[in-house]
Structures are given as C-alpha cells and as structure tokens.
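Shared chain: subunit A. Partners: subunit B in the first complex, subunit C in the second.
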Partner chain A sequence: MATSVSAAPPTRGGPAGASEVVGRPDAHRKRMARLGWMFTSPALLFIGLVTLFPIGFSVLLSFENVNVTANGFSLNGLTTANYSLVLGNSTWHYALGFTVGYTIITVLAEVVIGTLIALVLERMVRGRGWMMALLLIPWSLVTVISAELWKYIYDPTYGFADGLLHTLGLGSPVILGSNVSAIIALMVADVWKTTPFVSIIVLAGLVMLPGEIYEAAEVDGATGWTTFWKITFPLLRPTIALAVLFRVLQAFGLFDLPFVLTQGGPGTATTSLAVLGYQATFNDYKYGPGAAVATTTALLVVLGCFAFLKVFRSQVGEEDAG
Partner chain B sequence: MRTRKRQGWHRYINGVTVGTTLTVLFVTLPLLWMISSSFKGPAGIGSDSVLPHNVSTINYTSAFQHNGFGHYILNSVIVAVVSTILVLTLGTMAGYALGRLPMRAKLPVMVTLLMISVFPAIAVIVPLFLIMKDLGWLNSYQALIVPYTAFNLPFAIWILRNYMLGIPKEMEETARIDGAGPITTLWKIIIPQARPGLFTAGIFTFTACWTEFLMAISFNSVNAYRTIPVGIALFGSQFTIPYGTIFAASAAAAVPIAVLVLVFRKSVVSGLTAGAVKG
Partner chain C sequence: MQDPKRAAHAASIATSARALPLPGPNVKVETHVSADTAPPRNPVRRRSVRRAAALLATTGLAVGVAACGSSSGGSSGSSGGSSTKAKLSSTGAKAPGNPTSGTINWWASPITTSGPDVRKVWIAAFEKAYPNIHVHLISAPTDTDTNRATLTTQISGGSGPDVFMGDVIWPAQFGAHGLAVPLSKYLPKSYWSRFANGLVAGATYKGQVYGAPLFEDQGFLYYRKDLLAKDHLAVPKTWEQLVSESKEMQSKHQVKYGYVFQGADYEGATCDFAEFLADAGGTVLNSGDTKAVLGAPAVKALTFERSLVKEGISPSGESTFQEPQSLAVFTNGQAAFLRNWDYAYASSNAKGSKIIGKVGVAPMPTFSGQSTPGYSNIGGWNLYINPHSKNIAADLTFIKWMTGKEAQTIQATKFSQIPTINSVRTDKAVIKGNANLLVVPKTRLVPRPAQTPDYSQVSQAIYQGVSSALAGQTSPSSAVSKMTSSINTALGGGGL
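Right after this comes the complex of A and B.
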C-alpha cells in the first residue's frame, strides 16, 4: 500500500512560465504530470505519515516487547508473545465472533429496512426532499449521544423500553443486564442510527433506474413483487453491494456504541475487537497485545477491502482510462 | 419517476403513507423524547409524560455553568474548523491533480485512498498514541487535528476529484491560451466551478470531526482538551447518570449540526451517494 506514496517522482522546479505554454504536446503533458505530483504529494505525504506509517509501526509493535516508561516507552526485542497471548485468549475469540456476528446481523437488518424505506420514498410524490433531510439527522448525530439516548430508553428506572416489552407480554427484563438482551439492545440502537444512511444510498440508486423498463413490466402485467425481484433488485445490486461494504467496514470498527451503552458488558458480552484493543491499551497498559489486536483487526479489514476493490475496480478503471 | 393512480381510501391509506409515517416515527420519536427530557426538572426525568410539565432550563445551567460544556464545544469547534480547512486545502490540490492532470498511477493512488478512508481507527490508535506520547502531543489540539485531517482527506479527495472531472476542458484551455499559469487556473477557473464539491467535502469532514470519539478519548482525555463526545461520555460518575445534564448538552451539540445538515441537505446527499452513483 505504501508504494503509491513513494511512486511519486521527486518534484523539481516550479510551474513554468506562460511563455512555454505553446510547446510540444508531450513536453507539455510531461510538465503537467510533474505538476500533478507536486499538487498531490502534500496530501499523500500527510496521509502516509499519519495513517500508513502508524499501521506499519503497529505491525512492528505487535512483534515487540513493549515496556511503558515514565515519559514514553521502550522496545525490548522481538517476540511472538503478544500474538500467542491474543490468539490463545478466549476473550479475543469471543470478541472476534461477536464483532463478525454483530456486523452480519446489523448490516443485514439495515439493508432490508433501508431498502424498504427507499422503496417507499421513491414512490412519494411530494416531500421527498424533506424525508431525506429527516433521514440525515440520525446520520449526523454524534454516536455517543445516540448511545446515551438509548441507554436512557433502556434504563430500568427511567426508560420506556422495559414497559413496552411488558405490555407486549415479554416480561420485564433488565435490558442491559443479560447477555442476549444487551446484544439485541445494542443492535437496535445501531440500526436506528445507520439505516437512514443505507436508505439514502439505495434511494439514489433507485432514482437512477430507467423508467421505461417499469412501463414495459406494467404492460406485461407483472405484479409489484415480481417487478422488484426480477427488475429492481438485479439493477440495484451494485448500489446495495456498495452500501453493504461501506457498512460492513464501518461496523467492524464498532466502538462508540458499546463503550458508552454497555462498557463491553455484561461481562464481556458486547466487547468488540475495537473495545478489546482499547481496553488492553489504555486500561491494562499492554501496548504489545493492544497492537496485536489492532493488527489482526486491520488484516481482516484489508481482506474486506479486497472485496470492496472488486466492486470498485470497473468504475475507477473506466474513468481512469479517459 | 413512476406514479400510480389511486382511488378511494387508497389515496390516503396506502403503502407509501403508512411506510412514511412509520419511518418518521422511527427516526424522530427518540430524538423528540431526548429534547423534551432536556427541559424536564429533576422530578420530571423518568416520568412517562411526553412533554415536560414545568419547562425548566436547570439542565442547561448544569451542563454549561457547572460542567463547563461550553469549553468542550469550543474545543470541538477549533478542532473541526482547523481540520476542515486543512482537508479542503490539501484535498483541492490533490483532487484537481488526480481529476484533471495527466498523471500515471492514478488508479493505485485512488484505490489506496479508498481503502484508507474505510480503515477502522483502532488500527492506528496504539502506534499514534505512543508517537504522540513521545512528541509530547497528548492533550493538545494538534493531537486531534493531525489525525482528523489525515483520515478525512482520502474521502474529500474522492469527492473533489469527481466534481473536477465534470468541469468542461474548454474552460481550462481558454485560460491556458490567455496565458494563465496552472495555479491561476486552479484558483480562478477550477475552484469556483468545484464549489458544490468543496461544500460537500467540507460538511463531511466537519461532521466526522464533530462526532469522532475513539481518538478523542484516547489522545485528549484531560478536561481542558475534551471534545463534545468525550465530555458527554464522561459526565457523571459510575453510580449516577445525570441524564438531564447529558440531554441538555446533547441537544446543544446536536441541534447546530442537524440545522447545518438540513440547510445543506442537497450537498450531503450528493456526497453520500458519490460512491454509489457515478460522479
């Protein structure tokens, strides 16, 4: 990944004067390319230094004996102890399984509900702009705030969720007190916050679909259900795939919501990989194992990115060729 | 767009109106409850009444006067504004070059940027924390401004590049024949044309900085440098949760952004869909 940064040729000289403009076409092209790298390198250097370099450093740390000192840290030799500690740890196994399961279930729920909302909004004759604006509010909300809001809703003393469950004949459980209900509660809060994002993306895809196909389908007497599965869904698949990948990668970094809502509990029931990495680093000062958790998470994300890449390659490649 | 003729009661009660109503309730009810609770006095918190019986601003007094929430807002504004300016400056230059100049290796650069923009922050928290500890940067504005700029730049470059691609080539050519240098062309021709893209990228960066939590709590946990999310998360103690104060602070933090997003909803929607629909 770092190659793209170092691929920039050294930038020499400033932009040439206007008198040189009418030169040979490929000389001009060459100069413009150099100018391009000059314009791009500050951003790429900044990104490289703050994201790619730390990722590399994190890989190194994960193989090091890291000792915390009074005003910094010291590295005391290579070791694989961090990985054997993490990979053999049942909390890590659980966090991995929880994060994967959580990601699959929430993204699935968000895509189904989000697509339904998008289908409804697409049929709205008036006020669609305002509905989209409304959907943007949860998206723009600080996740910590939505976590506090749901904590209040789930609170056995103050909230209304347990009363609602009681009315529905589901008993009156302490919602954040038991493993299964805490996980469900977390998922509900997540779906509330991020479904609008999915519906806006799907709606944008729906609006772009050619109308003539539907007219033809209507003439052929296709029902709404058939039309959706035979026409809308196949055409919409790239859009949905994109929303899914965006959301999967985001959900995999799950941190804010469990940190505030459940502190990873009860026990470790809602400890995601990010929460585990944070706790190892900042509660237990175990930088080496913390880096090992971070590195394994990053590795999984890179694998996810390759899937992402497959979807995107055609799009980017087409534009790049021009 | 498809429209169907509906007759009788189907005109008023149908899938669209029912679905819309459910969506509106689903989205707004929790939010309205939060805002209404922020105006309830200590006795009103926890009562099942929807509206506060006696409108009280005691929670706002508690948040701003006793808990210094105003200072957290100031910190968030400083960090978000500086990061947004940096992102737009660096992102415009890079977006222009990647969109319009004949460079090699554009594809690997754009794909790498895309990967970085979805990378979870936890992957860099430990190394960045140690580097910042070494530099003495923990609990400072730059501790957040630098990573926020780096993490938001990739997406901004993508959006800006997409807008720049759409500007007609002739305008640039005319400027070139008139003797304008590349920097003049960028400043006088490209930037005014790409203004919607700058808007979108700006709103996205600002919102992302305003809501970011993991880095903020890892690098700036000292009271003087807490941003809004950290301030709200650390309100209260282990035993009591001051919901009234939390909701007053939350409403104060959420309403300006919600207004911003509602006003610029077109830019935000076009930014969200930049990846889904060809730019």
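Right after this comes the complex of A and C.
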C-alpha cells in the first residue's frame, strides 16, 4: 500500500508513528477517531449546509417550472422540460464540445509545462523559494483581475500583443475577434495562470520521492531520460493525478475568462457551459433551464473525474503490485 | 405592433418636437419600446464609468410606444395611439409611509466619470429641500448585467434598496415578475404629463407605469468639425457620404480610421445594428412579436457594417469594440466619425482628449435613397421603487423631486444629460448649454424590440451574429439566417 508511492495524500504517508507509543493501539485509534469526528462535525455540518443544500436546491430547480417573483422563486410543478430544452439546444451542444476540448487541451498543457517547471525547481539549489513565490503570483491573482490584464494585452487598438505581432511583421490580427484566436487567447491566459499550481503540486511530489531508487538507477547506469520515464514519472503518477483532478474540476467550470474577455464571443465561439448557464439564468431569467445546465455540467465533470480516477488508480495499483 | 412606422404615427412624436422650440419637421420619434415584455438584456456592459453613462443613456428615451402591448391581452397595454395607454387615475392611491421624513436607500450606478458626482449633487440638493429625509446612496455595479442580476436577487429575496435607477428596457421584465412597484398606482395623471412624449409609454407594462423617466439617451453621430472644415466637407447625411468622406480623410492621413462604432458581443452591438437595420427599412420582429422578419434589409445592414471593417473605414477590432474602445479611438484623434451616446460629447471635450473643441454632433446618417436623418437607438434610465420598501411615500417624494425642474436642470446644464421633462427641455437657457439637446429635435428614434418577454435572447441572437460577421467569421447572409432561426427558437420558447 501506500509507502513511498503515495505522495499524494500525505496524511497517510507516515510509516508507523505514534501508535506504537500506546499499549493498545486499537482502542487508542478508535478513541482518536471518535475525537476526530467530534472536532470536525461542526465544520462538516457547516460545509453540508453551504454546499449540499445549494446543490440540492439547484437540482430541484432543474426539475421545476420556476418563476421569479418579488417574494423569491415560485415553483410551479415538476417537469423534465428543462432538460429536453437544454439537451436539444444547439448552443448547449457547442458549449459542451468547447468546454470539454478546452479542458483537455489546457489541462494537458498545464500538466506538461507544470511538470517541467517542477523538475527544474527541484534541482534549483539557490533561490527556489523566491522562484516559487514569483510563480505563485499569477495563480494567486483573482481570475477576474488577471483576465482584465489579459484584456489589456489583447486589446486590438492599444494592446501589447497587437503591438508585438505588428512589430514582428505579423500584421495586426484582432486576437479576440476571430473564433480560433479568441479560443487560443483564453487558453494562453488560463495556462499562464494555473500552470504554477500544477508545478507546486508536482514539486511537492518530487521532493518526497525516495532518493535510494535514483541512486540505484545511477549505479545501474540509467540515463536521465530513462530515469524520468521509468522512475520519476511512474512514482509521480498519483501526484499528477491529483493535479489533473483539481485542474479538470476547475477548468470545466470555465467562466471568468470568457466572461471578462469575450462575453462568450465572437458569436458563441467561447461560450462555455458555465457562461451559457449564467446567461440563461441571470440574463434571461430562465432559472429552470439554467439549473439544468448547471446540473448536467456538474454531473458530467463528476463522472469524468471518476472515470479518470478509476483508470489512473488501476495504473497506480499495477505499479504497486509490480 | 412594433412596426416602427406604425409606432411613429402612434407616438406622435415627440419627444422633441413638442418639447423643444426648435422645430422640426424632421423630428420623428418612432418607437415602441413598450413594455410588454420582459427580460431585456441589458444594454451595454460598461465596465468603466463612461460606459455606465452610456448605459444610462441607453435607455432613456424610451419613447414610445405605443405600440405594443396589444398582443398581451388583458389590460389595455399600450396600443398605438398618441398616448400610452397607461391606466392613469386622476388622484392616485395614498402611499404608505411618511412623505417628508425617513431614510431612502437609493441604488444607482455611477453616471459621471470625473469631477463632481451628479448623484451626490442631486442628493445634497434634495436633502436641502427635504431636511427630514436622508438619502443613502448605494453605488450599483457599473456592468448592467451584474446590476440587474444583483437587484433581482435582492428584491426576490425580500430586501434591496428602496429606490433604484434602472434601464428603460426593464419595465416589462420587472413588471412581469413583480420586482417593481407600479408607480401609476400612486402618482396621478397630472404627474405623468410633465414628461416628454413617449417616455411614459416606454415605462409602461400592461397599463401600469413602473418607472419614472430620469434621463434619456440615444445614438448620435460625432464628427471632427475641424477636419471637415479643412477639407470643405459637409456633415454626412448618408452612410455612403460618410464612407467617401472617410476615405478622403484617411488618404490624406488626417485620421487612421473613418468611423468607429460598437460591434462586440454585447447589447451595444444590438443597438447599433438596430439603427442600420431601420435605415435599411427593416425591423427585427413582426407586428405580433411572434417571429423574426429580418430578411433582406438585415443582410444589407450587416453587409454594410462588415464592409466598413473590410475596407478599413473602421478598425479591424470592431468585433470587440464596446463604447469605451470606440470612444478611445475617437478621442485619440484617430477617427473622423464616432457613433455613441450623450456622454461622448462631454467625454471627448474633457481632459485627456486630444480633440477638445474639435467635436461636432449630428443626427445619425442613413442609406442613400432613404429619408434623412437616419435612426438613433433609444436608451436612458428610470427610477423604480422596490415593492419591499417600507416608506413608499418618501420614495415618491424623492422621485417627484428627481423628475422636477431643479434636478432635471442640474443634470442638463452641468452634466450634459438629456432631461426628461418638457419644462426643462424647452428652457432656452438649458438648451444653450447642451449641444446634444440642440440635435435631439432633429433626430429620428428607433427602439430595440424589447416588447417581447424573450428580448434578452433576441438581442443575444442579434449581437452574436453581428460580432461574428464583423469578425469575418460568418458571411452577413448566413449570420442573418442564424439570427433569424435563433430568434424564432427563442420566441417559440425553445431558447436557452
């Protein structure tokens, strides 16, 4: 089980610890578990209230005829019409494809670049702390604020990117004005912002890898390349899986970047599921269909993550067994 | 009945004609904004305050109308006639609360960008007149979408401000959902007669008036009068003339671009398109609001918009331009002509502009062969009361004062807004100090098709098509057919 491999959930990592101190480890563990529940139950209750209730309510809305009034929602009976409206809508089809494609591409790019950065950082002897701090700046910026910065960069009249392309003799394309370039522009802004997050997680995994294996590999004469693919990458898998999971969950909810940069345009080119749901709910007051978009989106991402975990877990399991 | 022509008869016009001394044979206010409907998508998303002002602008004039309501049955709605058919009583019910004391929470987005804040100037003057009423200003989000969504959430949650400043295309949506008090329940017929023609109709939904018109706005053509004079060119009356004059000035390197307007994926693109469409002789919806009738005029309008970009008359970035971007190009001295709202006159003559004193304002051009002037889209903002307000009597006192002579004169003379009441609009001293007000009587107005409850989706279909065509991603004809099918889907209840 999780010895060295499980860098991911570090809580489980420690081989044999405090329990040896006490005579009756089982009773002690049970008591500690009870105490643990006692201490965490207020927080769990709170989380339940602020997450489970709204989620449940949203699911309920998605099955209702909802009308907005001065005294809250009026629910006018159960229906599945919201779902048939959503599932048959061509913009929803597009938004689904766009969101899935966007998620796959950005998460892939972030994981590759993030891992490379982490590998460099791991070898850095001096200034690593500073580098990490610098790296975290984009990640710690509120997305709306970084989106505003990118909006300035992409501005067709006085934007930096426009000036740069012009200077390089590449003309003056309107970056946010055509479908493909607008999508790429969003992806660049996304990768810029969240790659550091992946780097930090991967770095945490890297520093926990056991040194002996590398020594052994060196003794055996393995090249750096071989060492990476045969040792580092397999051992990092759970860490990467964790990073991917976090990122997929977030990327699938893509909202702030298109909301600020393109409003979902040109046309509907950058309309993600979240943007579509927002428009339906808050612009058109179609709370039922809006909730149906939200619910289907959540369902899809949860299913996607489970599938991903299953595949990744089994691979991790094989590594373990081997 | 949103056919503008009918509406035109109906709303016999106008705002301006009657109101201003400047005559105007040309003055035709055609509108129908009425209200029957609902969710208007907000006009302009302005992130900056300027845009805010634009918003404000967007809604105002709502003139209108008249025409629309008939299909909704039920109450009298506004059917076409020279008056709005709001059911106005001669006395009005007694409002709960104390009319001369209390606290009013007033929700309003920023209007001015620099210098004194018009909202605070108003409040100070009001509190002087009514020392026992305290007005607490809540600065609303400048982005209209957010503004409306936040308000809706608060009001439907049982709270929110007492009085709120809201878009002219909101009455139907707020009225239909019970999110605003029908003011006509309390304010008698004699009160409503102070407003320029059509404004009250624009704030009416199913026979009830929901908003008191605070200020009005509309599209204007701003031009570089210094350059036109230098080249001995006349202010363009047609789009074709605007193009040829632009080319001349561009070829002389006097300006980088000829014309800048709004074409991004947002409400503003719908406003601009509504003008081109009306110039081309088209309308968005049929008279029953049941289907899109865009057709050939829409293709002509959109093809022209696209050609502006293709021929370099307008910047290639038009498909991403909202008001601030287009205004920035103009105030930097890079464009000869600009389409924008009221506030652009003040902004282009304000500190930071490179063209101070060189800006002229005129009615919009039209396509050659059409009668001039071209159409200006209507905007502006109203004052509404939250149904949860405890002191409606005091709220009404505030609203009456804000739509009174003193408050209206303040905004017209010091903040270059277009007032809504006749007594101020016809005041010679006021007109002298407000360049836009001089032009208003010469303009011809067209509303957005906000009579349908699905307006927000109708507008979205339009602006998505416009920005896509301007970006060269879709041909104008296929953009129009996509708009048509999306609008029809939305009107049929199948929109998302």
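Convention: the second predicted complex is superposed on the first by the 251 of 322 C-alpha atoms of A that agree within 3 Å, B and C clash if a C-alpha of one lies under 4 Å from a C-alpha of the other, contacts with A are read in each partner's own complex, and residues count from 1 in each chain.
Here is the rule we use: contacts are C-beta pairs under 8 Å (C-beta built on N, C-alpha and C of every residue); 3 or more make two chains touch, one makes a residue touch a chain.
Keep in mind the model is a prediction, meaning the values are calculated, not measured.
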Determine, under the contact definition given at the top, whether A:Thr91 touches first (subunit B), second (subunit C), both, or neither. second
Touch test for A:Trp192: subunit B only (first), subunit C only (second), both, or neither? first
If we overlay the two complexes on their shared chain A, which of subunit B and subunit C does A:Ile145 touch? Say first, second, both or neither. first
Between subunit B (first) and subunit C (second), which does A:Leu303 come into contact with in this model arrangement: first, second, both, or neither? neither
In this superposition, the partner of subunit A with more touched residues, subunit B or subunit C, is B
Tell me which partner A:Thr157 touches in the superposition: subunit B (first), subunit C (second), both or neither. both
Which holds for A:Phe73: it touches subunit B only (first), subunit C only (second), both, or neither? both
Would you sort A:Gly265 into first (subunit B), second (subunit C), both or neither based on which partner it touches? second
For A:Phe282 in the superposed arrangement: first (subunit B), second (subunit C), both or neither? both
Just to be sure I read the superposition right, which of the two partners does A:Met131 touch: subunit B = first, subunit C = second, or both, or neither? first
Dual-contact residues of subunit A (subunit B, subunit C) 71-73, 155, 157-158, 282, 293
Mind listing the subunit B positions that touch subunit A in their complex? 1-4, 15-16, 19-20, 23-24, 26-28, 30-31, 33-34, 37, 45-46, 48, 90-91, 93-94, 96-98, 101-116, 118-131, 133-134, 146-147, 149-151, 153-154, 157, 165, 176-177, 179-183, 207, 210-211, 213-214, 217-218, 228-230, 232-233, 241, 243, 246-247, 250, 253-254, 257-258, 260-262, 265, 268-269, 272-273, 275-278
If we count contacts the way the header does, which residues on subunit A are in touch with subunit B in the complex? 1, 3-4, 7, 15-18, 21, 29, 32-33, 35-40, 42-44, 46-47, 49-52, 54-55, 57-58, 61, 66, 71-73, 116-117, 119-125, 129, 131-153, 155, 157-158, 160, 163, 192, 196-197, 200-201, 204-205, 207-208, 211, 214, 239, 242-243, 246, 249-250, 252-253, 255-256, 259-260, 273-274, 277-278, 281-282, 287, 290-291, 293-295, 297-298, 301-302, 305, 308-309, 312-313, 315-317, 319-320
Please give the residue numbers of subunit A that touch subunit C in the complex, ascending. 67-73, 85-86, 88-89, 91-92, 155-158, 172-174, 176-179, 262-269, 276, 279-280, 282-286, 289, 293
Give the list of subunit C residues in touch with subunit A in this complex. 38-39, 41-42, 45, 145, 148-149, 152, 155-158, 173, 177-179, 264-266, 315-320, 325, 328-329, 387-388, 454, 456-457, 460, 464-465, 467-468, 470-474, 494-496
